[in-house]
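Each structure below appears as structure tokens.
Two complexes, one shared chain (chain A), two partners (chain B, chain C).
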Partner chain A sequence: MKLLQLNNLSKWYGEVIGLNDVTASVSAGVTGLVGPNGAGKSTLMGLAVGQLRPSKGSIRVFGENPWNNPRVLGRVGFCPEGDPFWPNLTGHRFVSTLAAMSGLGGSNRGEAVLRAIDRVDMREHMNRPIRTYSKGMRQRIKIAQALVHEPDLLVLDEPFTGTDPVGRHELSQLLRSLAGYGVSILVSSHVLHEVEALTKQIILIDHGRFIAEGSVQDVRRRMHNRPHTIRVRVDHPRALAIRLAGVNEVGGLRILDDQTIVVETRTPEAIYDRLPDLILNNHDIVYEVAATDETLEALFGYLVDRSA
Partner chain B sequence: MRPMLALFRLTVRQTLVQRQIWFGVLLLVSPAAITILIRYFGSPPSAEAQWERYHGPAQVLLIDIGIPLLCMLNGIALIASETESRTIIYLLTRRMRRATVLLVRFVAVALVLAVLSELSMIAHHLCATVGVPPPATGSLAWRPNDALVGYLVVIPVAVVTFLAVFTAVGLILTRALSISIIYLIFFEMGLGNAPITGRVYTITHQLRLLSVDLMPNVKRFFQLPPAVREAVFPAGATGLFALTAVVVISLLIAGILISVRELLPAKTPAPV
Partner chain C sequence: MSEAAAIDARHYRRWPGQLRASRWTWLAIVRQGVRLQLREHRKRNLLLLSLGFTVMIAITLYILTALETLAGTKEAESMIGFIQAFLRVDLSGITRITELREVLWRTLFLVISKGQLAWVLVVVSMIGPGLIANDIRSRALPIYFSKPVTPSTYLLGKWIVIAIFVGAATFIPSVVGLIIGVAITGGLPTYTQNLHLLGDVALAGLVNMLFAGLVILAISSLTRDQRYAAGGWIALCLLSIFAQALLTESLPKEQTAGWLGSISLYRDMSVVDERIFSVREAWSKTDLPEGVFNNVLPEPMNVMYPVSVIAGLAILGAIICYRRVARFSKAAASVQ
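And now, the complex of A and B:
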């Protein structure tokens, strides 16, 4: 069964649009929802966790309408964006109260709460009031409440916001380990490399529309009208450029500096096949060969340009 | 049941730590405080004034002003406070229906306010009666303990009724506070105390009718002309009947609204 099914889903806020006639489905696993601010990410998440109602069309989570549906909501953990807290509660009480509201009780609850707090590495600070927490700690305790009842689907709205690089790395590892236990995760971010580091399965969203879905490489391959660019760093870029100029598949060449050359092509596989020979024949030393536009950032730039 | 108990405990805790509870406590200690002032600085009362000194602060400061104001602040904020802080998201993404969330929060807040108001009434009663000679006997004489029992029944009814009304108002209106203040001043305090037939439509008046039903020996202070009362209420109907209807209708409206309405504040989506 599909995790999320969206059928002609639209959401308007008066005259502004949140989601615009989206038909799609999201499978189990980790899915990144990427788009600029105001693209519709939080709207989609609000719809998925039953906080918003579609203006048109429908959304199904585990095959059911999530609005006012305890059966669905009991299987979903939601980490909202921002700082919604009861600031006088301690981190432990916050997670424990929400665990109880998810139906956990007795010693099971105590164990589940500590397990969730341990997973986000907050045991040391759990007895302090949340109002004394740093932004990163708040982010982590929010994630603890989302996973305390061991949901089948974890919906995380901008979970990396406010976390430092170490915290971001730890959070990515936590999410990957949860995915390893079979938890499906829908995670949004407007910072592309964070999502890219977490999953290859992405949905690019802009102006309320899904502009691309799939892995970064798949989406890039489908964009035939854009040449791929490959950056090569060698000791003698000019000599390599001369050799590359004779290759049919090369569409363009640019020498960026005294070590770097950028190759444009519509068939990158052919270039990757030929490059070793060309470099070896040149007796050159290679420092780097990288596809510069198969990053999520580059892809997003192309797609948003095109959709605009 | 467990999710409901957890929400109940959370709501009680949040109600007791919020700042406006101190305003409420101040409001609720005012009957006892005024009674003490009158006892120490006023002249010795006649038999009838003894009752008025007991009834005045309890009825006016507690039931007519204190409880409605407190219920207004808490009723409007019952859902709105969680919506403003966005913590409503946590409550509405758990294993509970939206109407259940509303009902549990309503019961928790009503319980807190009722207990505080009852304590206030008991304090007022002690301040008014301790050390005062017992009133004269007779069928219409003031019996302080009967009056206390009567008030201890009226007070939770007042809390539940006003809280239900303002909970519904908080969900219906966007400018609930200003409209509620206008409603309290002109409708409940104004019309509710005016000597005209229209006052039967106010909660204040219905609470008085209930007081009269519960304290028959003080009927002479509150009794409506029988023709008026009979015209509005069929024989046997009491204030309790009307107040129950108000509570049921208000909670029904609030329950329907929370079940169909989005409470998550919209962010800033891109314009069309």
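And now, the complex of A and C:
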């Protein structure tokens, strides 16, 4: 069963379109939700955690409508964007209060709170007021409140925003360890290489519209209007360029410096097939062959470029 | 293996019990709200100051009881002076204080409730403005609504927080004062004679909680800055009093007997309290000369006008805060 199933899902706020006729699904595991500002990422997350009601279409989380549905919310942990804190509260009290709101009662609540705080490695700082926390610590305590009722699905809205490199690294490790427990994670972010490091599974949306889903490579291959670029670093790039110019599948060639040549093509597999022969025939030394735009960063760049 | 079983197999899930039903989530909001308020010294002091009403009630009941035996004697003169000044009734020449016990006790609680109305203005202006405004400012609403909390349960929790403080500043001091007064004065017969006062005090407190609670929640939901909410609440109360005074001065009495006489929220609440404590009815059952209680009773008017104003504002407040909170919960997940 899909964790999340969107069927012709639309959401609009008056005349502003948040999501427009999106059909997609999210399976177990970690899924990155990627899109530029205004793409509809937070709207999609709001719909997934039952904060918003679809204007059209339907959304199913664990096979049920999440709107006003405590059964679904009990299985979902949400970590919204920003700093949704009562700053004078300690981290422990913050998690404990939200644990009570999640329905955890009785003497076991205290243990569950400590367990969630331990999972995000905040035990040492839990009795300090949140206002004294660094950005990374705030993100972690926010994730602790989302984890406290041990949900099956964790929905994280821009968790990397504002964190420093160390904080980002720690957060990534935390998410990876949660994924290791089997928790499914839907994460939106602008820090694309972090998303890419977390998961190969992405959903791309732009201007409220679904663009693609799948692995980064799959999505890139489906962007037919954009030629692929392959960077080749060799000792004699000009000689290689002359030979590549005779290959039908090559759409364009650029020599960047005295070692690097960039090949543009719509059929990268054909170029990969031909390259060994072309290089070996010239007795050249190869330092690198890399697809430069099969990264999330490149996809995102294309997306924003097209939107502009 | 199912996904849930797969998670369990990795020892992720250790919570042994069932999650509590979502209809109880307001309890967590109440606990957190009260705890946050009580962290501030000035708010704790506010509640302690409310016990002044308890002291006033106990002292006055003690004096009234003493007067029942001392009336007509020289020692009673200063006591009567105090009662006349405090309750604003003319008791000169009256010696049958025992027969007036019920009406005088009712009058005492009416006077106290009037003082408490002014006190509610202060208490609500300190406790209520941040209840929703702070959540909006700190963008905490998405966190609330990601839990099994609906706008209704959220507002119920917030209303109970303000109701607890209004109750602690009005209802509880009155009840404690009544209990102490009964204990030190007459014992069981006095208690049974004035048992109805317990219900009256509870009803007056409930009206305060409903009206002030819903109106301040509505104002608090309209801003991110609790100072504006506090200003709005004080302005609403004081401007209504000034406007009423202005109209009373400038218009003939007949014109201010209807809706125009219900502009002052303080007066509206006083009229409702007077009806709850039934001082006028109790007074009319005695053979005291007309005018003895005129200073303490509000101008007679159709109670439907003030009741309509109070109920209307409370309902409007409930609608506003519900719509605002529901809107903010949606805006929290606005287009990104």
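As a convention for this text, the second predicted complex is superposed on the first by the 285 of 308 C-alpha atoms of A that agree within 3 Å, B and C clash if a C-alpha of one lies under 4 Å from a C-alpha of the other, contacts with A are read in each partner's own complex, and residues count from 1 in each chain.
By definition in this document, contacts are C-beta pairs under 8 Å (C-beta built on N, C-alpha and C of every residue); 3 or more make two chains touch, one makes a residue touch a chain.
All values reported here derive from a predicted model rather than from experimental measurement.
Novice: Quick one: on chain A, after the overlay, do chain B and chain C clash, or do they fit? Just give me the call.
Specialist: Superposition result for chain B and chain C: clash.
Novice: Considering only the touch criterion stated at the top, classify A:Ala112 as touching first (chain B), second (chain C), both, or neither.
Specialist: After superposing on A, A:Ala112 lies in contact with chain C but is clear of chain B.
Novice: A:Glu150 in the overlay: touching chain B, chain C, both, or neither? Say first, second, both or neither.
Specialist: The second partner, chain C, only.
Novice: A:Gly46 in the overlay: touching chain B, chain C, both, or neither? Say first, second, both or neither.
Specialist: Once the two structures are laid over each other on A, A:Gly46 reaches both partners.
Novice: After the superposition on A, what does A:Ala28 contact: first (chain B), second (chain C), both or neither?
Specialist: The answer is second: A:Ala28 touches chain C but not chain B.
Novice: Between chain B and chain C, whom does A:Phe78 touch in the aligned arrangement: first, second, both, or neither?
Specialist: After superposing on A, A:Phe78 lies in contact with both chain B and chain C.
Novice: If you tally the residues of chain A touched by each partner, is the higher count for chain B or for chain C?
Specialist: C
Novice: Looking at A:Glu15, would you say it contacts chain B, chain C, both, or neither? Reply first, second, both or neither.
Specialist: first
Novice: Output the chain A positions appearing in both contact lists, the one against chain B and the one against chain C.
Specialist: Looking at chain A, the two contact sets intersect at 13, 16-18, 37-40, 42-43, 46, 49-52, 68, 70, 73-74, 76, 78, 80, 82, 84-86, 88, 97-98, 100-105, 145, 208.
Novice: Write out the stretch or stretches of chain A touching chain C in their complex.
Specialist: The touching residues are 1, 3, 13, 16-18, 28, 37-43, 45-47, 49-52, 68, 70, 73-74, 76-78, 80-89, 93, 97-98, 100-106, 108, 112, 115, 145-146, 149-150, 152, 157-158, 180-184, 188, 208.
Novice: Show me the residue ranges of chain A that touch chain B in the complex, using the header's touch definition.
Specialist: Interface residues on the chain A side: 13, 15-18, 37-40, 42-43, 46, 49-53, 68, 70, 73-74, 76, 78, 80, 82, 84-86, 88, 97-98, 100-105, 145, 207-208.
Novice: Residue numbers of chain B touching chain A in their complex, please.
Specialist: 2-3, 5-7, 9-10, 14, 17, 85-87, 89-98, 259, 262-264, 266-272
Novice: Once bound in the complex, which stretches of chain C touch chain A?
Specialist: 3-4, 6-7, 9-17, 19-22, 24-25, 27-29, 31-32, 35-36, 39, 134, 138-150, 329-330, 332-336
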